[in-house]
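Input: structures, listed below.
In what comes next, chain A is part of two complexes: it sits with chain B in the first one and with chain C in the second one.
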Partner chain A sequence: MSIATGRAASPLSARSAKKPNVFSRMAAHRTDYLYVLPALIVMMVVIAYPIYYTIELSFYRTPPNLQLRDKVWAGFDNYTAVLSSSVFHEVTLNTVIWTVASTFFSFVLGLGAALSLHREFIGRGLFRALLMIPYVVSAVAASYVWKWLYHSDFGVIGALAVQLGFTSEPINFLDNRQTVLSSLIVVNIWREFSFAMVMMMAGLQTVPEQLLRAAQVDGATPWNRFWHVTFPHLKGVSMVTVLLLMVANFNSIIIPFIMTGGGPADASHIWITHIYQLAFGRQQWGAAAAYAVILFIVMMALGYFYVKALTRGDEARQE
Partner chain B sequence: MKDMQVRMPRPGARTRRRLMAKTLAVASVASLLSSTAYAQSVDVSQWSPEYIRSIAGTEEFDTAGHCADVVPLDYEGNLTYWWTGPTEASPQIEHEINDEFWAAWEETYPNIETDAQNVDYNQLLDRLRTTLLGNAAPMVVRLQILGGVEFASKGYFQPLAPEDIGYPTEDFWPGAMKSVTWDGETYGIPTNNETMAFIWNADIFERAGLDPEEPPATWDEVVEYSKQIHDELGISGYGLVARQNAGNTPFRFMPTLWAYGGGALDEAEDSPSYSDVYINNEGSKAALQAAYDMYVRDRSVPTSALTNTQNENQAPFIAGQLAMMIAHPSEYAKMVDLAGQATGADKEVADSVVENMRYGLIPEGPERRAVVFGGSNMHFIEEEYVDGEFDEMAAKAFACFWNSPEWSTKLAWTGSNPGNLAGFKTEWMKERLDTIKFLDVTTSMLPSGVPFPVIPEATEIMNIIVPDMLQNALTERMTVDEAAEDAAAKVDSLVGGGL
Partner chain C sequence: MAQVVLQDIVKSYGSLYAVNHVSLTVDDGEFVALVGPSGCGKTTTLNLVAGLLPMTDGDIVIGDRIVTDLDPKDRDIAMVFQNYALYPNKTVYKNLAFPLQMRKLPKDEIDQKVRAAAKVLDIVPLLERRPRELSGGQQQRVALGRALVRDPRVFLMDEPLSNLDAKLRVQMRTEIKRFHQDLNATIIYVTHDQLEAVTMADKMAVMNKGFLQQYDTPKNVFDNPVNTFVASFIGSPAMSLVPLEVVQRGDQAVLTNEAGWELPLSAMNTRKALKATTNKVVLGARHSTIKLHKSETVGAVPARVYTVEPTGDITFVQAFVGEAVVIVSLDPTVIVRPDEDVWLEFDQERMHLFDGETTMALSAA
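Right, the complex of A and B next:
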C-alpha cells in the first residue's frame, strides 16, 4: 500500500499509471483478445497472407515457360518496368479520369435525386424504387445490355440518334479511342448514383427541420438554406459517400472488362483491368503483383482518409 | 453423369485397383499396338475431296470393344473433365450429339463417376491457369490447339501419346501431333482438327455487281469486294474481327498475314525455328495495311470489329447486313438454325440468306493460301495439380472413348474434322459428307493449315500482341509501320524473356 501511495504522489508515476505499456494493456484485456482471435486468424489467412504473397511475388519474374514456384528473383525490376511503361501512364490517367468523373457525377446526381425525393409528393415511393433499379441490377447484366445499346453498328442509341437527325450515321461509342472511356463512365454513373442517393437520403434525415424553418422565417433563399443549413449537416455523410465511391471506382472491373476488355488499343484500360490482363492474359504475375502493390498503397491512403472521416466525430467527442 | 459424392473407396482399394489396372493397361496397349487393326488408316498424301469421299464409310469400328481392351468396361473410378462444348451459338445438332455422347459414355463405363464442366472458350485458359496454381485442376482437359504448349512447358501435363490409349500416332495429322509435342515429348491427343473456309452471300454479291458464284480469289480482292459492297449497298462487306484476348481474332487475321508472307514468327515456313520474328516484315505490314484499308479508309467492315468476336458477326450475316467472312464449317448449320428461329419478315430475309450462302476456299495472298490449323487437344494433368487423386484408368478410358474414330467424328460433326484420321473411314463421316453442305470445302483446306508457333509464349503473341497490333493500327493510335514495329518489339522482348 505504501509503495502504491508513493507512486501516486509522483507526477511521472501518475502518467505511467494512466498509460500502461502495450503489453500490460494486452494482458489486461487478454479475454477480449481471446474473443477476437478466431476472426483475427481468418483475417490473417484470407487477407494478410495474400497481401504478403503479392508483395513477395512483385519482386520476381515469371516467364511463360516456368511455373510460379520456379520464379526468378528480379529485385525492383517489375516496379521499374511498370512505372516506366508508357501504357502505365496512359492507364493511370484513365484511372484518374474514370474515378474522379464517376465519383463526382454519381455524387452530384445522387445528391440532386435525394434532395428531390426528400420532399413530399405523390408517387415519391415509386420514384425512389425506380431510381434504385440501376443499383440492384447485376453489374454484369447491365454491362451486356449497355454494350448492345452502345453497339457501333446496330445499337439502339446510335439508331435513335440517326432517326432523330442528330447524326448521319450510328455513333461509334465503344470502338473509338476518343469516346470509349466517357461512354463507360456514363454507364458507371448510371449504376452508382442510386447508391449516393440512398446515402444522402439517410443524411437528410439528420438535418433539423426547425433550423430550416427558422432560416425560412429569416428570409433565406432556397439556395442559402441548402448551402448554410442542409449541406453542413451532410458533410460527414458526403465525405464517407465520396470516399466509398472512390474506393469502389478505383477497384471496379466489371463494366470496362465486359464492355471493352480495356480496348480499343488500351483506351479504356484502368488499373484493375490492366492488372488482370497482365496476370491472366499475359501471365506476367510478377509485374501484375507490382502493379497491385502500387494500387494497394493508393487504396491504403484512401482508406486512411476514410477511417479519419468516419472517426472524426468520435475524436471530437473525446476531446 | 453421376454424383461424385456418393462413393467412398475402401482404404487401400484404390492403390490395389490402380496397380492392377496399370498392369492390365500395359498389356492391352501392347497387344493393341502389335495388331494391325489400328495401323495408319488414311493416306494423307492423297488428300483431296474425292479421296475423302472414296474412303468414307468403308470401315466399321466397335468403340466399346476397343476401349474395353484399354480399360475394362466394369472399371470403377472417377473422372473430372473440362472442355469447351456446345454454346448458345452452336447449332442444335451439336447439343444433341453432346447429349448422345454423355449418355453413351455413361452406358459404356457405368462405374466411372464423371464431373464434366463445359467452360467458355475465352475463359478456359485463364480458369485452368488459376486452378493449376491452387492444385485444383481437373484430371483431364481439352484445350484449344494454341493452349497446350504453355502448360506442357511448365510441367503441368503428363506425357500422353495416342499409343497410351490404343491408337497409333500415324492416325493423327502430323501438324496436330506437333502441337502436342514439347521438348521431344508428346503431351496430348488431338481430338479434332479444323480449318475454316470463306463464306459469302451470293445475293449481296449480285446486288453489288459482283459475280455471285465467285468468291474473291486473293486478299487484295477481298478489300476491293468489301469496298464495292459497302459503296453499292451501304452494308458491311467483310466480317473483320479484332477483339483483344479472344481466340477468334488470330484465327481470322493470321491467314491474311501468312498469305502475304508474314507471320508472328516463322511458323508458316516449312521448317520453322520459332526464333525469327516476322511480324514486322513486308508481308505482315501488307496484311495489316489491308485491314487498315477496310476499316479506316473504306469503312467497309463492321465498326464494332474492335469489340466483336465472331459470334457477333452471325446476326448481321443472317440479317443480310454482312456479305462475307471466314467461318467454321458449322456456320451453315448455325445459319439454318437461326433462320428456323426467325419469324415474319426476318424469316424471309434469313431464309434468303441461307439459300444464298456459299462456301469457298480462303483467298490466297502473294505467298500462299493459308488457314489456321486449328482444333483441340486432350491432356492429362499431373497428379499434384489435380483436385483429389488422378485416376489414370478412368482418364485413359475416357480419352480412348472420346478419341475413338466414332466419337472423334461425331463430336466434330458440324464444326470440325475428326482428330483420329480413322474417323474419315467411318459411316458417320459418310453421313456428314452426305448431309452437311460445304463440308468438303473446309476439309479441303486442311493441307493449307498452318499451326500456331509451338512455344509457351504463343498464347500471348496470338491473343494479345497480334490483336494489339491490329487495334493500334485500326484506331490510328499508330501508323501501320509503327504498329508492326511495336508488335515486333513486344514479340522480341517476350521471346527473349522480358516483360
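Right, the complex of A and C next:
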C-alpha cells in the first residue's frame, strides 16, 4: 500500500488488502537492517543473552549448597513446583491486586489532577510543581519516609488518626497482614499519579481548541464538552499511560522491598520481590528463573494485546 | 435571521488591543466579510460575537436582544471553523445531530432536521462516514451542515476555505454564496483573502491592528479607500502608492519628488492636495488607470522599468518612480524591457491622493 494510492482507496478495500509478509518486507529493507546492526549486536549481548541464560537456568535445580556451575538438570520440575505452590497463588493474587488497584487509582487521580490544573487560576504553576514532587523524588527515599509516616509508634498518620478521633490507638499499618498491601498500594498511587498527571496534561494540551469552541457553540455543557471532545481525544494517551503504569506495577520492587521486604509472613510479596527473595535470599536460582520466565510470558502476552489495541486506530488512519 | 450590531467593542490582552473600539451593523440577511492581514483581530472579533471570549468593553446586539452577557449557546449563532472542527470520533450523522442533541430535541425531530440539512448540502451518502474518511470539501460541507441544522439567527465563519486547495476554494466560494442566497442568511465571514471578500460579500469590514478601517460595499471600498492601508490591501495587484511633495504654483498645485520633475494637478486634485496637513502627500493609482509612454510626454513622470510579468491577455510592468514601485498594466503587444526608461501618465480623474502624515484619503469637499 503506497501512500499515493491509499488516499483514493476506500476504507473497505484498504482493510481487505493483504499485507506483504514480514520476511519480504525485511528483504526489501535489508540495507536498513545493516545500519542498525551495531546497535542490534549490543542489544543481543546485554538483553538477549540474559534472557537466554534465565531460560536455561529455569530448567536446572540449584540447591543452596551447590555452586551455580554444578546445577542439576531438572526439566520442567521448577515450573510445576512454582505453579502448584500456594505461595505462588498468593503472590500472584497480591500482584494482580497491586497492579490493578495502583494503575486504576493512579490513572483516575492523575486525570483528575491534570483536568483541574488545565484551567487557568492563580498559583497553577506552584500546584503543578508540588504535584510533580512524588514522581521526581527518589523512590527509595520516599519509601523510607512513608515507612516512618506509617510507623505504629512514631508515625504521623497514626498519631493524626488518634488526634482526630478516628481510632483510639495508632493503626499498625505495615505489621498487619490485613492492611499491609493496601498501605503499600497507597504509597505507590501517591508516587504514580503524578506520572499519570504529567502524561494527561500533555494529552490535554493537544485537544484542539477549535473543537472545544465548536462544542461550546453547539450548546454543550462543560461535562458534555469533556465527554464528547476531550475524553475521546485522550484515548490514545490514556492507553499508553495505562500500559506504562501496568508494566511498571507488574515490575515494581522498590516500595515493598524497602518498606516491608514482602512481610509480614509474605503478605506483601509481589512477583518481583518474591523472585528476588527466591534468588538472592534462598539461592533457589532455578525456581527464581522459572518464575521470571512465567512473568516474562505473561507480560509479553499482555503487551502484545495492548499494543495491538493501541495501533488499531493508527492503521485505519494510514489507510 | 437577524441583525447584528457591534457597539464600540474592545478586547484587550494587557496593553495589546486585539480589537479596538469596533462598531458596525450587519443587516438582516446580509453577508459581511471581515477582512485584514493576519493578526489584525478578525478571529477575536468573531469570537466576541460568538461569546467565546470575555469582552473588555462594548455591547453586542443580535436581533432585538443584547447578548453581551449571554453564553455562546444562548446567542443563537452557529459557527464554521477554519479546520472544520468536526468531532473526529462521531459519524457525519452524529456530528450534525450533536447541536440538536445538546438542545435536548426529541429523537425523531433530530432525525428529520439532520436529513433535511444533509439534503440541502448534498451529503446524504456521507452520513455514516467519519470525518477522516471525507475530503476537505466534504468536511467543509458537513461543517456547514452542522451550522445549518439549528436554524440559527447568524452564521459566523472563520476562514472556512483557507484549508482547501485553490480549485476547491473557488468552487466552495460559489457554494457558500448560494447557501447565503438560498437561506437568506445573516453571515459574518472572516477571511484574510481580500479576493474572497470582494467576490462574496455584500459589505466588507477592513481591519488593521484591531481598528476597523472601512466598512462599505466591496465596490465602494475598492473605488474610495479611506486610507493608504485599505488602498494597498484591497485589489490585486494592489494600488500603487507614491509618496510625493506638493508645491503651489499660483492657484495650481504640482506634485514633485527629489528627481525634480513636476506633475501639475487638475483643479479638483489641487483642492485635495492643498488639504494635506503638511506638504507630504501620497499619490495612489490602480494599474489600469496609468498610461505608459515610451518617450517623454507632457503630464507624464519619468520611471524606470523593474520587472515585466506577462500573464497572457495582460502584461504587468513594475516600474520605479523614485523609491516607490508602480504597477502598470499593458497590452501584451507593447514590448518593454527591464531597466528601460518610461514615462507614466496618471489619470487625473481616477487618481487618489492621501495625506502623507495621517495616511487618510484627501477629499475635495
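We take it that the second predicted complex is superposed on the first by the 277 of 319 C-alpha atoms of A that agree within 3 Å, B and C clash if a C-alpha of one lies under 4 Å from a C-alpha of the other, contacts with A are read in each partner's own complex, and residues count from 1 in each chain.
As a convention for this text, a contact is a pair of C-beta atoms (placed from the backbone, for glycine too) under 8 Å apart; a residue touches a chain by one contact, two chains touch by 3 or more.
Computed from a prediction, not measured in an experiment: that's the story for all the values here.
In the three-chain model built by superposing on chain A, chain B fits alongside chain C with no clash.
Looking at the shared chain after the overlay, A:Asn224 reaches chain C, while chain B stays out of its contact range.
Contacts of A:Ala81 after superposition on the shared chain: chain B is touched, whereas chain C is not.
Comparing chain C and chain B on the residues of chain A they touch gives the larger count to B.
Once the two complexes are laid over each other on the shared chain, residue contacts for A:Pro232 go to chain C alone; chain B is not touched. In the superposition on chain A, A:Leu174 contacts chain B only, with no contact to chain C.
Contacts of A:Asn251 after superposition: neither chain B nor chain C is touched.
Shared-chain residue A:Gln216: touches chain C; no touch with chain B. In the superposition on chain A, A:Ser24 makes contact with neither chain B nor chain C. Shortest separation of chain B and chain C in the overlay equals 52 Å (C-alpha atoms, whole Å). For chain A in complex with chain C, the touching residues are 11, 208, 210-211, 213-221, 224, 228-229, 232-233, 317.
Against chain B, the residues of chain A that register as touching in their complex are 61, 63-68, 78, 81, 147, 151-154, 170, 172, 174-177, 259-267, 277, 280-284, 287. Partner chain A is touched in their complex by these residues of chain C: 47, 50, 52, 71-73, 77-79, 81-83, 85, 87-90, 98-99, 102-103, 132-133, 146, 150. The touching residues of chain B, when paired with chain A in their complex, are 126, 129-130, 133, 150, 153-156, 236, 243-245, 302-307, 315-316, 321, 456-457, 459-460, 463-464, 468, 471-472, 474-475, 477, 494, 497, 499.
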